[in-house]
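Two complexes are shown next, each including chain A; its partner changes from chain B in the first to chain C in the second.
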Partner chain A sequence: MIVSFENRLSRFLGTTAIFIAIILVLFPFFWIFLESIKPPSLGGRPDIWRFEPSWENWGEIVFNSNVPLNILNSFFIALITVVISLICGAPAAYAFSRFRGFQGARYSILAAEMMPPAILILPLFLLLYKLELIDSRVGVITAHLTFVVPVVTWFLIGFFDEVPKDLEDQAMIDGYTRFQAFYKVILPVVRPGLAAAGIFGFVLSWNDLFYSLLLTGAESRTLPVAIAGFWTFRGIELGKMAVAILIAVIPVLILSYSIQKHLIRGIGGSGVKY
Partner chain B sequence: MRYPLIITNAAQMHIKYKLILPLVFLLSGIMLYPFIFSLWLSLQDYRLTRINDVQFVGFENFGFIATDQSFLNAMGNTISFVASAVIFELILGLSLALLIQKLVIFKGLVRSILLAPMFITPIAVGLMFRFLLNSEIGIIPFYLLRVGVSLDWFGPELALFSIVLIDVWQWTPFMLLMFLAGLEALPKTPFEAARVDGAGRWLTFFSITLPMLRPVIVVALIIRALDAFKVFEYVFAITRGGPGNSTETIMYYIYQTGFRFFRMGEAAAASILLIIFILVFVILIVNLSRPKVIK
Partner chain C sequence: MAGLTLREVAKSYGDTDVITNLDLDIQDGEFVVFVGPSGCGKSTLLRMIAGLEEITGGTIAIGNKVVNDIAPAKRGVAMVFQTYALYPHMTVYKNMAFGLKQAKTPADEIDRRVKAAAETLEITPLLERTPRALSGGQRQRVAIGRAIVREPEVFLFDEPLSNLDAALRVQTRIEIARLHKRLGTTMIYVTHDQVEAMTLADKIIVLRDGNIEQVGSPIELYEKPQNMFVAQFIGSPKMNFFKAEELNDKGQSYLKGEADIIGIRPEHLKLAGKTDALITATPDLIENLGEIALVHCKTASSMEFIAKTTDLSAFPVGKEVKLTANTSVLNFFNSTSQQAV
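Coming up: the complex of A and B.
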């Protein structure tokens, strides 16, 4: 018995539905993986299931393309974005969680999170253009901060809300200042929350196409932009595209698996309370 | 030693303002300033091709956008895209969440697998499905043809619907996540009372589960709808707005206007109309759902 329904029919239907859902989710990954190890001569053949696996596409991508540089760019940009977001977001989230008079501020964080990128990309592009920061990692980081900072802050408010107030009251009785209590007592307690918010922010930055597409060039190109380049009007490189997609997807799946439980509290938790 | 006024003020500032200072500076620089810049931009005739010849034109850009056939078309496409995707995702996500709750074994594993799509970069999802659904090299049309079904997934009739399906594949997990959290947070007593009173499963669902989930449903709906308004990657990856302009969404329209036709003023005006539209939408949803919200 996999599903706990009373009658046999519902049990059967429930199990089947879950089974179908799992196949629908996994099949695209499976097929793209198969494509990545097909010899290039068999690429794009929907009727071929069995073949001698070839790692030619993987070799081409790893040793003979710009993808490693794109990975480095994506990684570096996401990392710096997250670090800045945490440094600015954590103290503010703590203040929003602990002090009166920030009700409006909470909502403006939410509003910032909802801001469509369409409205920010035009001025950001013009500003970065004037500062000669198009095709620079700094430019992309600036753009990514616009959506990572609000999300990270919003997450952290939820995590700080869960820490009992007695903790820093006690610390302050012991002679810590408010800031020391925050820094030395509360921050270590919410470390899992910081990690979860950081990882989520990292994934958001790593996945972005829109800003990166318009703000990067050959030097600072990120992985999603590079992936888009494998299938254009000029031509298709299916096998290589499959490899690049897997490279972009696998680390994110592992990272997000590690924060799943926190994510339910982070998005769900603070959202559900609203 | 005497510090200038602004520094002494900062030193005496309440700790709560000091804590939010870095965030306020950062967000003013990267969001508030660009936002105001955008408002200004929408009133100018600003072409990327002649960046030194910018002229104030008042609300001319708004007039142009509001009567532009392709803007209205993009808006229409986006609205039908958002409505159908979000409704699909809501129903599917809720059903899956209820099913997963009933799982006796493999609960964690099934949840992890079903949540996976929402973490992937949308451009990869777009290209994956462009490949899977392609009429020449795609495996899905290939086997559909074997059973006698011939569909052109990215042809004029189906393209927008295919993009909806792709969005459903990627974002139903988000609804699932929200509803799993929501279901877990529900108190147990009403359900026990219903069972004691002999209420059937459907009655319990419609008269207890659904009303108690209402706030979660509203929040999930708003977040997902706002996100769906930004749809860009699938269109960019697969159809570039075509065939014709049957899949041109509002984000793609703004991207085209600003960065393909270099008309920054008009693009800014379009993005402001988008924000106004979104605001109206949110206020409407919140008000419609307010009377019965359970806190």
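Coming up: the complex of A and C.
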């Protein structure tokens, strides 16, 4: 059915629906922001709506907590995870895109994504324990690579599919080897895809709670784990938690917005032609 | 400049043979066109000559040098692709200079060649633009320019006009013909468009299922096709085939030996006199193209064929007509072997 926006009633209904959707999406952010500026003396009660705003929670988090260190940990882990994922994922995606016989196999890389992380965590934990890498950034990076590499690879296949094969043939006629053609000609062409895949992978690693919760300790604790840590035996420190959540969510929003154009194309992976 | 010699060249992917034992000689300076239906192996053959596909058997020699194991860049070939294959992150100038730079040609020599080629193709004002800012026709000129600056021994064209609109296709086709006349370099051109094949080629090679069906000048292929496949593939509309039993006297006065099919090109069909009628049919549809018209006819046994005419009044729709053709233009085939007799 085609809804004509010439019609006043359908226009009104359409606008209302959009407003409701916007409110549903934005209200939690607004509410968390309110919690973050609620004076701690109120005891973190979400049902109180009238109060004197205070930046006490923000000051506490920024100057008097481990959250800045946790942010650094999260940032470092996500960055290294993404760099390794791109180094492995780009050639893999190129191979999936170009070579015959790989067509069926390309879907198998998603199998890693379909597995519940709980299946991997035990062997991974034992392995890292033996290697004395529990509570280390290397350990968390290893765990994050298990789900970021497949996603980045899948994401990039669609971008490589769109680059005509003629381009690398021309590069080979111009004197490049296939590998040179790949990294000197094809990679620059899919730069937007690499950036988008990198950002997507970064956000996945940045947001991870499951692996980080089980593999980190005081040294390597990431931001999501720190946020969960505000749920103490004395109750939830809602104000501080709200500040940490906002800090965690802002880069995700900015980064996701910057790649929104490529996001659908990447998630579509293969077979989606534009 | 150099000719090409292919001896028992074969290509297979696993168990699938794409090209089997193919022999071919291309003279120095010749314009050769590979034609054939999709999947006949014409692009694969071109890519094998370029070195982009490995061959599984035989030898390919450019000039007197066997190039089987030589990298594409060292074979002395330049290729123009259907998708232009311009590097999107480089300007037109850099695109054209890239191959020479890779071959470590001195900078002033590169500059001279790029500017000369740009001048010839009238793309000098575009040199500092990126491919994104060019139209399809301009991109293809740049791609041709990039091939020219390499001063190759053999030019390879892989359906270079397929992505252009009709008017540009004609214009670029003429430019390629002029280029060949001016440079005199061996050119190999792959197309499925027979107008391109007929107008450009010194020699056409018709391929089917990885085998050569016929090699010859355009006019030879048109007038004397060696088999029914070539007869129908070359010419538009394609050649009409008439079985003996559909002809008026069962073709007795024409058919000889093993021939049981007569092939007649649409433009050779004309109204018969009282005695020489070869076939009786009824026109049921007319496509008027202005200077000529295509008359779709049906015989009593519901066989369909096309006649090309400038005189529409001779073919009234729905009324039976008697048609014939000069004996000198008839082609005879055997339906079992599919070969010309």
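Just so it is clear, the second predicted complex is superposed on the first by the 247 of 274 C-alpha atoms of A that agree within 3 Å, B and C clash if a C-alpha of one lies under 4 Å from a C-alpha of the other, contacts with A are read in each partner's own complex, and residues count from 1 in each chain.
The working rule: contacts are C-beta pairs under 8 Å (C-beta built on N, C-alpha and C of every residue); 3 or more make two chains touch, one makes a residue touch a chain.
Small disclaimer: the values here were computed from a predicted structure and weren't measured.
Chemist: Check whether A:92 is in contact with chain B, with chain C, with both or with neither, and answer first, second, both or neither.
Modeler: first
Chemist: After superposition on the shared chain, which partner residues are touched by A:131: those of chain B (first), chain C (second), both, or neither?
Modeler: neither
Chemist: In this superposition, which partner touches a larger number of chain A residues, chain B or chain C?
Modeler: Counted on chain A, the partner with more touching residues turns out to be B.
Chemist: Examine A:48 and indicate which partner it touches, taking first as chain B and second as chain C; both and neither are also allowed.
Modeler: Once the two structures are laid over each other on A, A:48 reaches no partner at all.
Chemist: Taking the superposition as given, does A:23 touch the first partner, chain B, the second, chain C, both, or neither?
Modeler: A:23: touches no partner chain.
Chemist: For A:206, using the defined touch cut-off, is the partner it touches chain B, chain C, both, or neither? Pick first, second, both or neither.
Modeler: In the superposed model, A:206 contacts chain B only, not chain C.
Chemist: So, does A:119 touch the first partner chain B, the second partner chain C, both, or neither?
Modeler: Only chain B; A:119 stays clear of chain C.
Chemist: Quick check for you: in the superposed arrangement, does A:174 touch first (chain B), second (chain C), both or neither?
Modeler: The second partner, chain C, only.
Chemist: Considering only the touch criterion stated at the top, classify A:185 as touching first (chain B), second (chain C), both, or neither.
Modeler: It touches chain C, and chain B stays clear.
Chemist: Would you mind listing the overlap between the chain B footprint and the chain C footprint on chain A?
Modeler: Overlap of chain B and chain C footprints on chain A: empty.
Chemist: For chain A, which residues count as touching chain C in their complex?
Modeler: Within the complex, chain A contacts chain C at residues 100, 164, 166-167, 169-176, 185, 188-189.
Chemist: What does chain B use to touch chain A in their complex?
Modeler: 15-20, 22-27, 30-31, 33-35, 37-38, 41, 95-96, 99-100, 102-106, 110-117, 119-124, 127-132, 136-139, 142-143, 169, 174, 177-178, 180-182, 184-185, 215-216, 219-220, 223, 226, 229-230, 232-233, 236-237, 250-251, 254-255, 258-259, 264, 267-268, 270-272, 274-275, 278, 282
Chemist: Touching chain B in the complex: which residues of chain A?
Modeler: The contact residues of chain A facing chain B are 1-5, 14, 17-18, 21-22, 24-26, 28, 31-32, 35, 44-47, 84, 87-89, 91-92, 94-96, 98-99, 101-102, 105, 112, 114-127, 142, 145-146, 149-150, 153, 178-179, 182, 203, 206-210, 213-214, 223-224, 227-228, 230-231, 238, 241, 245, 248-249, 252-253, 255-257, 260, 263-265, 267-269, 271-272, 274.
Chemist: For the complex, give me every residue of chain C touching chain A.
Modeler: Residues 13, 47, 50-52, 71-73, 77-79, 81-85, 87-89, 98-99, 102-103, 158.
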